[in-house]
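Down below are the structures I want you to see.
In what comes next, chain A is part of two complexes: it sits with chain B in the first one and with chain C in the second one.
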Partner chain A sequence: MGLPLVMAIILALIPRENRSIFRYGTLAATFGSLLIAIYVFAQFENRLDEAKDEITFIEAAPLATQYGYIFTQRSDWIESLGISYHVGVDGIGVVMVLMAALVAFAAACCAREIQTRQKEFYILLLLMSGGILGAFMSLDLFLMYFLHELALVPTFIMIGVWGRGQNKEFAAYKITLYLSIGALLTLAGLILLYLHYKTFSLVEVLHAADIGNALTNDSQSLVFALLMFGLGILVSLWPFHTWAPIGYAAAPTATAMMHAGVIKKFGLFMLIKVALPVLPAGAQVWLPVLALLCLGNILYCGLVAMRQKDLNLLIGNSSVAHMGFVFLGIASATLIGLTGAVMVMVAHGLLAGLAFGLSGYLHQQTRTLDMEKIQGLLASMPFWGTLMIMALMAGCGLPGFANFAGELTVFFGAWETYPVITGIAMWSALVIGAVYMLRAIRKLLHGKKGETAPEVEDITSWQRLPYAILLTVLLLFGFYPRLITEKINQSEPTFRQATAVQPEETE
Partner chain B sequence: MDLSLISLEVGVALLGLLILLIDLWTPEERKKHLGWLATGGLAAVFCYSFSTFDQGDAIINGYSKDALAVYFQGFFVMAAILVVLLTMSYAPRIRSGISELYALTCFALAGMTFAAGASSLVMLFAAVELITITFYVLTSFERHRLRSLESGIKYLILGAASSAIMVFGIALIYGSTGALDYHEINRAALASTEQPMQLLFQLGVIMVLSGLAFKLAAVPFQLWVPDVYQGAPTPVTAFLSSGSKAAGIVLMLRLLAEACPSLMDEEWLRQLLGLMAAATILYGSLCALRQRNLKRLLGYSSIASAGYVLLGLVVLNNTGAQAVLFYLAGYIFAVLAAFTVISVVSEESDDEDISILANLHQRSPLMAVALTLSIVSLAGIPPLAGFLGKFTLLRAVFEAMETIPGLPWIIGAAMIGVVISLYYYFGVIREIYWGTGRFWEEKKPSTEPLDCPRTAEIVLLMCLFGLIGLGLFPEPMLSLAGEATSNLFSASR
Partner chain C sequence: MSKEQVIQYLPLVILLAPLLSAILILLFTSKFKRLSAGISVGAVALGLGASIFLFVAESNIVGGSTPVYTWFSIGNAGQNALLPNGPGVNPLVFDISLQNDSLSRLMLLVVTLVGTLVHVFSLAYMRQDQGYSRYFGALSFFMFSMLGIVLSANLVMMFIFWELVGVSSYLLISHWFEKPAAADAGKKAFITNRIGDVGFLLGILLVWQQAGSLAFDSLGPATTLAGLLIFCGAVGKSAQFPLHIWLPDAMEGPTPVSALIHAATMVAAGVYMICRVFVLFTPEALEVIAWTGAVTALLAALIAVQQNDIKRILAYSTLSQLGYMVMAVGCGGPAASMFHLTTHAAFKALLFLGAGAVIYACHHEQNIWKLGNLKNKMEWTSRTFVIGALALSGFPLLSGFFSKDAILMQAYEHQMPLFIIGVFVAFLTAFYMTRCVIVTFFGEARSDHAKEAEEVPGEMVAPLVILALLSIGLGWGFIGLSGFTEGFSKWKDLAAHSDAAHNAAMIGGTIAVTIGLTAGWKIYHGSETDPLPEKLKDVAQWMSDKFYLDELYGFLNRWTQEKLSFAADWFDRWIIAGLGVKGTSGAVDITGCLLRLFQTGNVQTYALLTVIGLLFILALILF
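Right after this comes the complex of A and B.
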């Protein structure tokens, strides 16, 4: 899985004269990791059964296997600090890795718009892809954080150098400061965890928490708050979300796809994998707060999205709003709610990749994304238009797309714990979402062609491939959600711990 | 007295004398190449320092040659090698006596290596003075430039004042304990029961620490930094911010660990250090925000770094000391790489404004990458050495959080400092990649390729190697640092 990283180093050594080699090298590396991800995804259940047999028959099975992790690899890294290179996937990890690999490949395909300094761009893109794939697989908290930062830092540079629009510099500054603060808070939380458990190994921490070695209630709520707000900033939790729409509007297409689709999911991933199972008492204190804040995501950002004239700002705001559903699922801390949360994460990753990819293509054609200026595109760009309609429809939760399945599951899960909040969220999700998405469709695709309408060409031949892949998978998971729910439910040890403590206060 | 114990230190000083001697028979145009001699000699010393690493601790009167000393000696020699190489690339700008510059660097280095092992107050003072007096000359070495002279005079006046405070402190300690050797001081301090004597002793310790804080550039002894850093020749600035700072730290570490165990339980010592650390971090970060001169910017950033180092000292235990040692190892590579790039780039325009970096990524990819990585490392972002340095420091501090009241506030200040520093570090990176020059000037910044002198290239490659190597494979260095500090704070208790 380190394929993109290796490729990044190889490409760094190639002189910049060979322009095409960077693009094809990147494509090959991301495609390779996609193939491996599919293989792992397909083989997951077989290997898991083997691993289960192993646990039954052999007493001293490795801890990682007991916690449902397979395809593990381990070697020591910084022994004196208890840090090791330890990777493996479980049910949640395997679907996230598949999603990440899909979006990474699509992003590499969509990077054609980059015409200057291609070498640097592709190297950064590979660093990003490799880092985030690794982060979803690592079983060591330090490695997880380390690789996530490795994926995050290129974002800042990419926005600054290849970004677009007047305020790309402002966006780059803002995104750097916000995300660094988030990462720093998370790091503080992780160090506190480490000092208690004396190890960074995720499975050892889980095991220790399982057998009753927990932090005191006070420090649990401190650490949980650090992780929740730190990771929350990384995921654009309301009211710390303002970096997201501006950042995505200024980012080059591939960066926006990778960040909104994949990297942003890391914070949620870590909340589910680490914060909930290890810190039940802290979760009890803070989850109701999280539920309230996620309402801010869904309602406030939905309303903001309604007023947007720029397509990318609209998609950006709606993606922040979608994060609200995941937070709601997490806040419910029920099996169904968490499953739904992971499903929304996967679905939204694919959707964000698709939507930003499409809007990036449009920008490449028209040099603007102002919906007042470009209207009535369906006639001249039928393929693009159809895909866009589908993406926007998926965004407002139309049945048949994976988003619908995920959101529905989240609502089922959250209903018992927070009936009022869930009610409001459902109402707003349907109505607000439908309003802005339909308005966008009306203007962008069906509206009258203005006099200033630029000439546009539809997506042709091979360039359709990335969009088609993303949409196909989105539909596949939408019609047959068992494909992922079955995998997700294999992470039962994590869920067992995560759902052990129900938030007491029900409204 | 066994001379073989201090062979390394003597060797360095002799090397300086040798350079001065050979200089007499070297024709003017070839003097620049004396730098290779200095580099070669220092490299030999560096290799030799490894052979002394496992010899175990040896203590002669007021001078100890233990793992801590050897660690820092290796560190200083490494810094000096890089600085000499940097000086060679800077040579065309020196109008008077390049070989004296090499020799003086060696003398300063000798002072630093003595500082690494100093375990009596006399030794401490002699080492500090050797370093400081050499730097008076070095900072004002470009006599034709007013700024250089100004920086020399500022350093002289403030340095002399801080030395005076330190001597006063030494006198107080001697007066209250009747000893100069650290271990004897400790014994006397533990034995003494008289209240006034203890007070005098504590006052003396504070005054000596103040003198050392001047070397470290910690608040409130930081005022000289921006002016001196800006005025001094760039290689000297680089040495000042790497070697001289580290010398202050090792002296402080040893003084606290060996002479002051009797003060370990005193609340005020930790609070004082903590307050200094927080103030230093915040001062450095805030002042750097609006700074446009690159050398001043790095000066303020080095003040902030001194604050992080002090953070590691606050906890007064081995973990903290280990973190400090590791942080410094990553820090010199970052600082030296940054100063090298600034030195080369500023030569062309004779200007140090941040806008000279515009288009650097086109003009010289190597320098752009080196400066970017060193800035990223200074900002403490993975995967480079600076991140692990700050990480180990934070870990050490978090560990002690419950035992020291008020520490959460100090950690908070440090975190805020990190966030503020991201802003100005990011400004540098912005200039490199998408800077547009100065907005009030019509002229577009040049895009012509910029040559990097061979020796500067060597420095940059070594620094990059160090930054990435320490970031990805920190284990060997961490264990070295751990070994060096393993019985620092426990031995004398």
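Right after this comes the complex of A and C.
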């Protein structure tokens, strides 16, 4: 599973003259981890059944297995602090890992546009992919945090060095500040947890919380707030979201795909996996607040997206808006809502990868993403145009794509607790989403090609591969969401603890 | 395979054939025009054959649904007994199953029949088009989505196909995407539909919360609110007031598309849906539905009187007839509504295809005042068009007469004002259709295009003739309402049957049609321009400007959603991003500035900063 990381180290040792080696090495590494991720995904149920038998017949099954984690590996790292290298996946982890591996491979394919300092770029990309894959598999809170940082830091460098546009320095500066503060708050929360439980092991903490060793209500509330806002900043929770659109507009294609698609999901992942089950009392206080703030994402950022003239700013803002649906699912703290939240995370990861990949291709062709300057692309780039229409349609929740299944589930889950907020979220998902997505289609793809429009070429042959993969999986999970819901629902213990929270009704 | 099994699985074949066709065209045959068209026509013809078989076959499976697969389920007890759903929350199970009862079989027949004829008509109509394959691909995709709505066995599945129909309609309206008006019209249609869908989805959630199930077979009465929210979906899709504004604009699409989607099938989906969930509605909800339908019927008929574009006249007429159907449901007569839906599909598709033939022959001239005297040049087209117009007007013994009669009877038994509106609309219908026919086909040719017109090719004439025969015979085929309601046993008692209603509807309808036809003939025979604006002045102006509803909505949207969007964007740029970073969280900024002093200020610095931070943390932990 550490394949990308190993490859990063190998590539670091190769001199920079051999340009193609970096590209093909990266492709091979990400493709390798994709294959392994698919294998784990396919084998998940079998292995889980074996693990269940083990629990039944062996008294002292490892704690991790009892909590639904399989494919586990463990070795001690820093014993004095109870930090260990401990990885494994459960139902939520396995779908996130698959999504991350898919997007990482696609991002590696789309990194062709990088012409300078390729060695460094590909190494950073591998660090990113390896780091975030590892973070989704960690069973140790410190390891989880550390690997996420490992994936996050390259983002800043990539935007700064290989970014585009006038604002890249400012964007890199802003994104670094915001995300560092978010990470810092999260770390503070984790350290407080550590001080209470004296261990960083996720399953031990879960177990301790399960058998009644909980923090006092006040400190739960404090830690939950730290985690919620810290992780919230990482996920662009309103009103800490402004780094996201600007950052993505300035980022190189592969970086935007990886960050918006995968790395950003980490905050949500940790909220579901750690904050909710361990801190039920804290959640009770803060979830209604989260529900209100997520309206900021859903409604406000949707409205902002309506005004954007730059394609990447539009996708960026809509991506922030989509995070609101995940927050809403989390805030509901019901089984249905949380499952929906994970479904949206997976779907949005694939979609963000696809949308930023496509817009990156366009930028390569035209050197601009200003929708006022480009139009009528459907006639000159039919393949790109068709895919873009599909991506935008998926973004406004068209059935058939996985996003619809996820959003629908979130609505069903959140409906009982927050009827008014759910209603507004639906308005935003169905109407506002349609308004800005269709505006983009109307401006970019429809209409006559302008006289001054730059010459463009359609995507050809092998370059179509990454887009085709992402779209196919998006459709697969849309037509047959059971593939992921059945796995997600195997995370029984996490859900059992997480849904013990009962947020007070706000309306 | 036994006959029962065939009947059970035929719907699946009908549903999947067009999907397969759309996928094949998208992936493989987009470069081969004829092959694409052939696949598409083949798929829909197969569907027609299967639908006829289903419709005719006597079957033991009545009102059943066939499960296909579970889309997904959460918290299903069988799957995971350990999991609690939270208090009072039902497990969520989404099934894809196909409904196979008399209602869905009738609708299948309507959709595939009109679909096949429109496909054939398009073969010739679209021949010169660049996007021939794309057109047939989208048409197949539409057939798939529409058949999906018809075959849905639960509300969520219906919502899924509901949305798919919306998007395929969007693709087809903006088929000529290089034309700004077409691209805008597609957008408007999609968004207006979406507004209705918000209500639909909310309604689905309410029903689920109250009943715990979404399958049609297990629906029971719900609250008025839930019923009305579900009805919102129909208001959007069937273009009822106040969401009717998208339908006339949708006429920017190719004319066969208007015939199929915006006359016979998709817009009728709303009516089909409220018939399907009829048990949900409380009397209060039905009252609202009836009046929404009546207002739409009246408003649209008034507007139609003063339109000059042949397709727009037909579009407003469609609105008005849909209003009729909705009103019939509101008056407690889903059977009458479905009856009118069936006959309307035949004669309105006929009229649109006839208009398409006229437009094809006259080089895309759509203004009726620039046409004229086509009856001598396009004999088949004009004959069939006149039959369609008479059927629509409710001329005695044609199909429209019987179905309109059924609706008027229903209204008479329900409420007098609705009956009066119905009769008045019948008069207006006869009037504006007479105007349309006389100005287009009689008198002098008023432009060069009209003078040079020739009869259209056989692929286009054949569908016209078949539809004309149906427009005449459908009423007889069902022998009026009584024969028709046999199939819908559960609605049988609801149908109006008193003698008083029967006589009133018959007499009222006939008088209205007679007056309408005579008045239309008197006013428009031999006239070169429209005399009505002279006589009615402002009223005519209001009618031709559609009562300024488009302007009103534009104004509302500009001053609410767009302003909000502007404000949000401004706030985002200047307050949160600007002051937020530089003001309230000034500490952050200052830290940044301080650190900038340390370093050169270039970007690698920031990366370095983070690395230092990490090292710092590591150091803390290790020592």
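The rule is short, and it goes like this: the second predicted complex is superposed on the first by the 506 of 507 C-alpha atoms of A that agree within 3 Å, B and C clash if a C-alpha of one lies under 4 Å from a C-alpha of the other, contacts with A are read in each partner's own complex, and residues count from 1 in each chain.
We adopt the following convention: contacts are C-beta pairs under 8 Å (C-beta built on N, C-alpha and C of every residue); 3 or more make two chains touch, one makes a residue touch a chain.
All figures in this text were calculated on a predicted structure; none of them were measured in a lab.
Taken together through their common chain A, the two structures put chain B and chain C in a clash.
Of the two partner chains placed by superposition, only chain C is touched by A:376; chain B is not.
By the document's definition of touching, of the two partners only chain C reaches A:408; chain B does not. In the superposition on chain A, A:176 makes contact with both chain B and chain C.
Chain A is touched at more residues by one of its partners, and among chain B and chain C that partner is C. Touch criterion met: A:426 reaches chain C, while chain B stays clear of it.
When the two structures are aligned on the shared chain, A:156 is found in touch with chain B and with chain C.
Stretch 385-393 is the one among 385-393, 439-447 or 457-465 where chain B clashes with chain C after the superposition on chain A.
Shared contact residues on chain A (touching chain B in one structure, chain C in the other): 78, 81, 149, 153, 156-157, 160-161, 169, 172-173, 176-177, 180-181, 187. By the touch criterion given at the top, residues 78, 81, 83, 149, 153, 156-157, 159-161, 168-169, 172-174, 176-177, 180-181, 187, 239, 242, 246, 300-301, 303-304, 306-308, 333-336, 339, 376, 378-379, 386, 393, 397-400, 404-405, 408-409, 411-412, 415-416, 422-423, 426-427, 430-432, 434-435, 438-439, 441-442, 445-448, 480-482, 485-486, 489, 492, 495-496, 499, 502 of chain A touch chain C in their complex. Chain C contributes residues 26, 69-75, 79-80, 82-89, 92, 156, 159-161, 163-164, 167, 170, 174, 177-178, 180, 183-184, 186-187, 190-191, 194-195, 197-198, 201-202, 205, 208-209, 561-562, 564-566, 568-569, 572, 576-577, 580-581, 588-589, 591-592, 602-604, 606-607, 609-611, 613-614, 617, 621-622 to its touches with chain A in the complex. Within the complex, the chain B residues that touch chain A are 361, 376, 381-383, 387, 391-392, 394-395, 398-399, 411, 415, 418-419, 422-423, 426, 429-430, 433-434, 474-475, 478-479, 482.
By the touch criterion stated above, chain A contacts chain B in their complex at residues 77-81, 117, 120, 145-146, 149-150, 153, 156-157, 160-161, 169, 172-173, 176-177, 180-181, 184, 187-188, 191-192, 194-195.
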